[in-house]
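Pasting a structure below so you can have a look.
Here the chain labels run A, B and C in written order, and each chain numbers its own residues starting at 1.
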Amino acid sequence: MEELIKSLTETFGPSGEEETVRTMIADLVRDRTDRLFEDSLGNLYAVKEGDRPRIMISAHMDEIGVMVTSIDENGFLRLAPLGRVNPVMLLGQRIRFKNGLTGSVYHEKLKDLKELDWDKLYADVGQKDAASAEGAVKIGDQACLAQPFNSLPGSRCLAKAMDDRAGCAVLIETLRRLPARLPQEACFVFSIQEELGLRGAKTAAYRYEPDFGIAVDVTLVGDTPKASTMAVSLGKGPTIKVKDSSILCHPRVRQLMVETAKKNDIPYQMEVLERGGTDAGAIHLSREGVPSGAISIPCRYVHSPSEMIDLKDAANAVEVLVKLLTKEWSFSEESNVF
Amino acid sequence: MNEDKIINALLELSEMAAVSGGEEAAVAAAARYLKTYVSDIKRDCFGNLLAFKPGENATGRPALTIALVAHADEIGAMVTKIEPGGFLRFTPIGGLDPRTLPGQPVTVHGKKKFPGVIGAAPPHLLTKKERGETTPMEKLFIDIGMDQEQAADKVKVGDIISLEQHPVALKNGKMMTGKSLDNRAGIAVLIACAAGLSRLYHSVDVVFIASLQEEVGLRGAITAAYGLNPDLAVAIDVTHGDAPELEEGRFFKLGKGPVVAKGPNLHPALVDRLEKTAGKYFLPVQREPIPDHSGTDAWAFQVAREGIPTALLSIPLRYMHTAVEMINLDDLFNCVKVLGYFIGGLNRTFLEDMKKC
Amino acid sequence: MLSELADIQGVSGDEAKVRRFISEKLAGRGIETSVDTMGNFIARKNRGKLATPPMLSAHMDEVGLMITSIRQGGLLNFQTVGGIDSRVLVAKRVKIGREGLRGVIGAKPIHLQKKEEQEKPYKQESLYIDAGFNSREEAEKYISTGDYAVFDVSCIKMGNGFYRGKAFDDRAGCLVLLELLLENSDLCFNAAFTVQEEVGTRGAMVTAYTLQPQKALVVEATASADTPETEKEMSSTILGKGPAISLMDKTILVDRKMRDELADCAVRAGIPFQFRRFTGAGTEGGAIAYSREGVKTAVIAVPCRYIHSPHCVLKESDLQATVSLARAWLENNQ
């Protein structure tokens, strides 16, 4: 799984420019699905066909990034954030455009770093004037962070875009492990624009009309120095979400996840995330409502160039998902009731 | 259903814990009261309760459907961590004011219901500066009188915490105080309204909805509105009651009647009809101008599918989102009457007339 | 027609007069029209020619004020409807209610203020509307709480091809849609004149659900700061350089292919255009793009200075170029 996470995280895919990631994932899962298609906004659906209930499992392809909003006469680029990006996190970092062009991000002269905001920040792609800059990059072009994947001694690793390529990797690995036939239908959605407000999952859920929803994403942790009081640690297993800003997970789905993990001796943690949302937030409010839950991979330094996960947590998330999807979900078409 | 019975129902509803995401008790109680007066009750897949009361419709044409929606949930909190010493950290569910919390008794819904209290540092040990500051939510904790080992066995991260308060009627007999009158008062209106309508001719079909998860973003209403897609909807909720130091005119007097909201969120023809109905039957109402988001289920209903004309009727309530909310029961009774006569007077032509508005 | 449209009172939730104006302009032109429960006005030009016609959207509502209570002495308290910077409110004249009663926004005169007070902007809560009433009872004869008020402004031409007036956001967009509906063409499209954009793009949520388009174009007015005291990089758009094509705003990230398509349309037809060099603020784009299964949506806008103030300024040539660009886009989608 390490190789898979390495290649996924090193791929270019800020919100709205998920094409490269989508093509890569489509190639990886094509022979494991009965139906593979994308919609007009760019969500990718990999369906393992079966009877109802229909379960939608969603991980988002997009990562945070920046967009070029103007180019000045000296060839410097002004930037706007794609998703929740702290400008401080970008200082001195390299960014990379789709065509491979890289640039450095720095700030105008400031009296105090506290003044730093997007209007004080610029990118330098090494061009001497507007004309040569415009030859290399256009207004509206997007860039992501440029850091490579690093494996650390033990089972932990660092990369940009762990949020949520780690989740994508979990979905892909799950698809590889699942038997040809499941007791019910499962649709793996690789969604777009989650970082801009769960937008892809919203339209995908409307289109697919699932009976249940599961999001696989990363979550924050409370095990770093002076961290907030959150009872989630790296390496202690994937988390089963109870609440975040976007959803109160459905008790039945949550219970099913807990039972599955317990029964199969898979380590897990319970997650209450105080800030942040995930695709399940959009799925559970689709149409008449979709009972939904989420499994997360604990991740340090989320939305930075160096997000850290423990590969064991990702592997255990796959275990939970495989066991969850190969068991039969109770369901009645007349009343998929509480 | 006489007034005493309504008051008893409200006392029962206010006492029970039904924090967003764990509303079963309040929904079950609402269903128990409503079932006497309706033809069918169901839960949708989000968990919202829908109770159907068909009208007398001899026209042969499909009847108009009006939804009356009140949220069943209340604010509360959730366990985020069990600290050494057995103290619990928590995160709010819905809008809790940390300043109102120190010293607040709570119930922790773990393996069983455990009583607890939100700890407050003794003033003796605080510096002058600390006494002048609000303790932020993340520094607060709950004491359930257990050590870490016991607490970890009985309570899990993700368990729900509710405010603990026994509701009481005040001396003058008109006022009631307790927790979660936002919006059990609304649920009581639904119940009383269903009872009232069983003795009043009405040609439209009425659906009573106890919605879930309003306090965390109108979530139940979003799905209920889509699923039912009624012709009209009225949300029943609470609004801010008057109190000293609040700006004149922006808050509503307790005892001066329910409050009809007016603004972009509300359909002008419905607002007009509600106010005229009150006038016709000499029932007091107040008017609340709302320039944008009403912060209620009405906001979700209005834009469901192809749009649903929506109104909002509120009961003035003091000290919102605390354990000492207060209402005047006359406002509740008048709210029921206004709704009853309003529904009694509706028919299909109303829908056609309002399109011209 | 811009003057006529801009002068109409139509704060969010009270768009009836704008709707009536548009409806009257379209009457007898063989265009199918309808109004939904929220008050959105939909016009279907050459209906039936295409199975899923492209959608154009512009909002009828404008920012304004709402009377929230009446003081004992007859002065009126108000709140803003939509985003208005309270610094532009003081000492402006307004029209109140459906009758359009005149009033002024008053505040404590500068002479009577302490030095510290003088240096701070007026807070909205300290302002009030004075319509000359001597008591609450007198005021209540003419005014009820919940009444709307708008700036008392008439749109005029000024300088070299500029217009000055209120509510160009988004009567300019309404004008673009009206022009395209009224001209003699066999273009097939659905035009949505929507309500309540300024309080959360509410009308467009409903029209997008109803019309179920595959592609949509929102026609807006957007802020321009091509003025002193703003650095060029921060101007967002420049008057006279044609319609601004959005890259992104708070509600939508515009599909790159849609953006490129619009730019191509403009280049081919020789229409000037610019990109909106700002990614904040919101439009109906998001409400439409993420409706149902998703709709390919773009946003173009007429650059407009002093937006959401009593007097906005726009350039006529930009307005015409916006009509041309919207037309070229429609032709490309027939």
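Going forward, a residue touches a chain if its C-beta (ideal position, glycine included) is under 8 Å from a C-beta of that chain, and two chains touch if they have at least 3 such contacts.
Fair warning: this is a prediction, and the values are worked out from it, not measured in the lab.
*Asks:* In graph terms, with chains as vertices and touches as edges, which category applies: line, ring, star, complete, or other?
*Replies:* Shape of the chain contacts: complete, all pairs touching.
*Asks:* Sort out for me whether A-C or A-B is joined by the greater number of C-beta contact pairs.
*Replies:* A-B
*Asks:* Please report how many Å separate the Cα centroid of subunit A from that of subunit C, as a whole number.
*Replies:* 36
*Asks:* Over in the complex, which subunit A residues touch subunit C? Could you list them?
*Replies:* Contact set of subunit A toward subunit C: 15-17, 39-41, 43, 67, 69-70, 72, 78, 80-82, 119, 139-140, 193, 196, 199, 202-203, 206-207.
*Asks:* Which positions of subunit B touch subunit A when the two form their complex?
*Replies:* It comes out as residues 20-22, 42-48, 78-83, 89, 91, 93, 138, 156-158, 213, 216, 219-220, 222-223, 226-227.
*Asks:* Could you pull out which subunit C residues touch subunit A in their complex?
*Replies:* 214, 232-234, 247-248, 253, 255-256, 259, 275, 277-279, 286, 289-296
*Asks:* Within the complex, which stretch of subunit C touches subunit B?
*Replies:* Its residues touching subunit B are 12-14, 35-38, 40, 66-72, 77, 79-82, 125, 144-146, 195-196, 199-200, 202, 205-206, 209-210.
*Asks:* Which subunit B residues qualify as touching subunit C in the complex?
*Replies:* Result: residues 247-250, 262-265, 267, 287, 289, 291-293, 302-303, 305-309, 355 of subunit B touch subunit C.
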